[in-house]
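The chains carry the letters A, B, C and D, assigned in the order they are written, with residues numbered from 1 in each.
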Amino acid sequence: MDIRERIAKRVAKDFEDGDIVNLGIGMPTLVANYIPEGIEVILQSENGFVRMGPVPEEGKEDPDVVNAGGLPVTVLEGAAYFDSATSFGIIRGGHVDATVLGALQVDQEGNLANWMIPGKLVPGMGGAMDLVVGAKKVILAMEHTAKGKPKILKSCSLPLTAKKEVDMIVTEMGVFEITPGGMYLREIAPDTTVEKIQEVTEAEFIVDENLKVMED
Amino acid sequence: MDIRERIAKRVAKDFEDGDIVNLGIGMPTLVANYIPEGIEVILQSENGFVRMGPVPEEGKEDPDVVNAGGLPVTVLEGAAYFDSATSFGIIRGGHVDATVLGALQVDQEGNLANWMIPGKLVPGMGGAMDLVVGAKKVILAMEHTAKGKPKILKSCSLPLTAKKEVDMIVTEMGVFEITPGGMYLREIAPDTTVEKIQEVTEAEFIVDENLKVMED
Amino acid sequence: MSKVVSLEEALKFVKDGTTVMIPGFMGAGTPETLVDGLVEKNVKDLFLICTDTARPNVGIGKLIVNGQIKKLYASHIGTNPETGRMMNEGLIDVTLIPQGTLAERIRAGGAGLGGFLTPTGVGTVVEEGKQKMAFDGKEYLLEMPLRAEVALIRGTKVDKKGNVWYNAATRNFNTHMATAADIVIVEARELVEVGEIDPNNVMTPGIFVDYIVKGE
Amino acid sequence: MSKVVSLEEALKFVKDGTTVMIPGFMGAGTPETLVDGLVEKNVKDLFLICTDTARPNVGIGKLIVNGQIKKLYASHIGTNPETGRMMNEGLIDVTLIPQGTLAERIRAGGAGLGGFLTPTGVGTVVEEGKQKMAFDGKEYLLEMPLRAEVALIRGTKVDKKGNVWYNAATRNFNTHMATAADIVIVEARELVEVGEIDPNNVMTPGIFVDYIVKGE
């Protein structure tokens, strides 16, 4: 199984029936493909609607119905459209149960950096700062390293998106939870070891006594 | 001509084509009956719509279409309904050209008291405080005295609705304008004199050099 | 799980002492069936947040007359003499709030804002105990967000996923209150199938609604 | 007086150096005809407020590529490499603003609020130079209202009194920008007769709209 698929699939297992979820651009978007059967997850698109559906068939794109990345999507039965202030009221007001985002860096305190690399890449924060602060649960879906270098750090060096807001990190190597008592490795992928994870993780983490195997 | 009619008629003359106007409960409501021909005035109702129309014919009342006093009204072609935050955004945001309100007291500084008499009458300010602060022009439509006692004072003694926001006062005796340079008597009713007005006005006012006769 | 429940099931969330928001402007937009249910249930010591207390036998007025309210936030109580009487006798603790400020405080409570600055109330008793700030020579009061445990709202059309459409002037405080309570119960004047309300014209997205009661 | 004017008449309000708000999410909801008109007119040194700069040949992106923007407030510029290049070369002065904060600042500008407190951006570079306040242990930034001289918006259906209805995800920043500029010009995808939009479903009341241009 592809790394990205593994991550997306694991994230999707975390949702509960009825959850309202915002998926970021890129790998987080894949999560929608793995929502477990029997569970209804309501996708919020921060450009202004809930109950986002899948990508339309070719030729059936509607330029008025696009996601936060400007790409054509569809809406499901029971959808509702609204304006941007309402959309971010939903986000900041705690009405989104979980947001899934990518990361450039994250640290053991739950600090997240995912919106700029000074002097190099300044795309802007878009809605990420509001999402990370407002969603009840912040889940990072990310590859464990960038070109072999750790992305899960003791302390982020890039400009932050938000402070101490990350709750969970899912990588191809495992699942971490960040708690006031420290960062825990809760699950480990079947094809790795704690030692291997330690080698590519700068952050200090505690291995859960009941460490589980991350299912594919 | 009835006193209330005279006042309402004079206030209505102050409007310009296209003005958005909010009329308070009571005498201000009468103003709608005297809008000059050829002029379109858009009435805003703070409970949530613009282009309020006249009272419906008997038997045609719709309990969903009521004014800020809870009384049945109609809407005109081109009306739009909205929620309370939007309605007060319109009011506070300076999108209302004029508001016409009654007064318990007003003073020469433009301070207004029209929402309570401590220990006696505490109806609440409703939307009045927002209207007086937000409307571009605040016009008082009021009888000159209350049981012979002045209501236009040097300084209000009742709790204020807003500070220094009143622009114009129309009574059965005349029309006052409140400016940074003082309160001016701009028009005088045909059936009174400056002396008579002074007798029943505690506030100090300047008589306009070009004092006009208030037309009925 | 269906959101449609019986009146009894819905009202189990309102107990003695619960903080409740109820919309409506002199009764228009008030959920009459839910209010009648509360009168029947006779829960006491409620902290009620509403814009007016209507008339003694209309909407919210019934809860006042029945002695169920201990604490009241409202903008206008003048049309219900019972509210004033009970306030003067110390039976209800009343806080009067300008209507625009009340709407905005509820909106802020639902949208995750920590407060806002409004010019409304500056120089009046409303500013007592509040922080004042000035920008560009204009003074503002810092007003705080408001939330409730339960909001009882009323939709003209409600679909089974909880999407709501309000007719005419009944919208008023409904949309804001629906965002600012832990439990949101909507009384459906008409309960419709999902899809009958155009997703564009949904005024309260179903994600805000926990329970639906068919109104009478 | 008809609000319907030619493209040329409408754009006379946008001159070199004008502050302009333009809505749209990667082009969706952007008034393409008005933007193309601005490119044609080639006014320079604009101060542009928008959520993203789309792609080089899409919507707002064209104004960037054509070198017409001197100052930019946006939440995301990553999809238009030209914006980043011109920012790095000192040709455009870019301020990045979290998207929810941007929406709320514009709303505040239109609603007469002096500012608001948001948790978004706390602990990040966004807090630089801003007042911080804490309530109940949670920190907030004080954010200021935003207004423009001209807003160029885009309605799916617009009636001749300026009432606007937006389809699907095109609503985004349109409704807020329509309230927060001295002159509001709407591009009508479809120009309809008054009455064709249900007063309940009007999303921008015509009182906010000064001019209407038929879009292509």
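Definition applied: a residue touches a chain if its C-beta (ideal position, glycine included) is under 8 Å from a C-beta of that chain, and two chains touch if they have at least 3 such contacts.
For clarity, every value in this text was computed on a predicted model and none was experimentally measured.
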Quiz item: Between subunit A and subunit C, which partner chains are common?
Solution: D
Practice problem: Farthest from subunit B by Cα centre, which chain is it? Let me know. | Solution: A
Quiz item: What is the distance, in whole Å, between the centres of subunit A and subunit B, each centre taken as the mean of its C-alpha atoms?
Solution: 55
Quiz item: Roughly how far is subunit A from subunit D, going centre to centre by Cα mean, in whole Å?
Solution: 29
Exercise. Averaged over CA atoms, how far is the centre of subunit C from the centre of subunit D? Could you give it in whole Å?
Key: 32
Practice problem: For subunit D, jot down the residues that touch at least 2 other chains. | Solution: 104, 107, 111-113, 118-119, 167-168, 199-200
Quiz item: Residues of subunit A that touch two or more other chains: which are they?
Solution: 49, 75, 81-82, 85, 88-89, 91-92, 134
Quiz item: Okay, what are all the chain pairs that touch?
Solution: A-C, A-D, B-C, B-D, C-D
Quiz item: Can you name the residues of subunit B that touch subunit D in the complex?
Solution: 17-18, 20, 42, 44, 49-51, 75, 77-82, 85, 88-95, 133-134
Self-check item: Residues of subunit C defined as touching subunit A within the complex
Solution: 1, 107, 110-113, 159, 161, 163, 179, 194-195, 199-200, 202, 205-208
Quiz prompt | Contacting residues of subunit B [partner subunit C, same complex] | solution = 45-49, 62-66, 68-70, 75, 81-85, 87-88, 91-92, 111, 121-130, 133-134, 159-164
Quiz item: What residues on subunit C touch subunit B, complex-wise?
Solution: 25-28, 51-52, 54, 74-79, 84, 87, 96, 98-101, 103-104, 106-107, 118-126, 156, 167-176, 203
Practice problem: Name, in rising order, each residue of subunit C that touches subunit D in their complex. | Solution: 104, 108, 111-119, 133, 135, 138, 140, 144, 165-168, 198-201
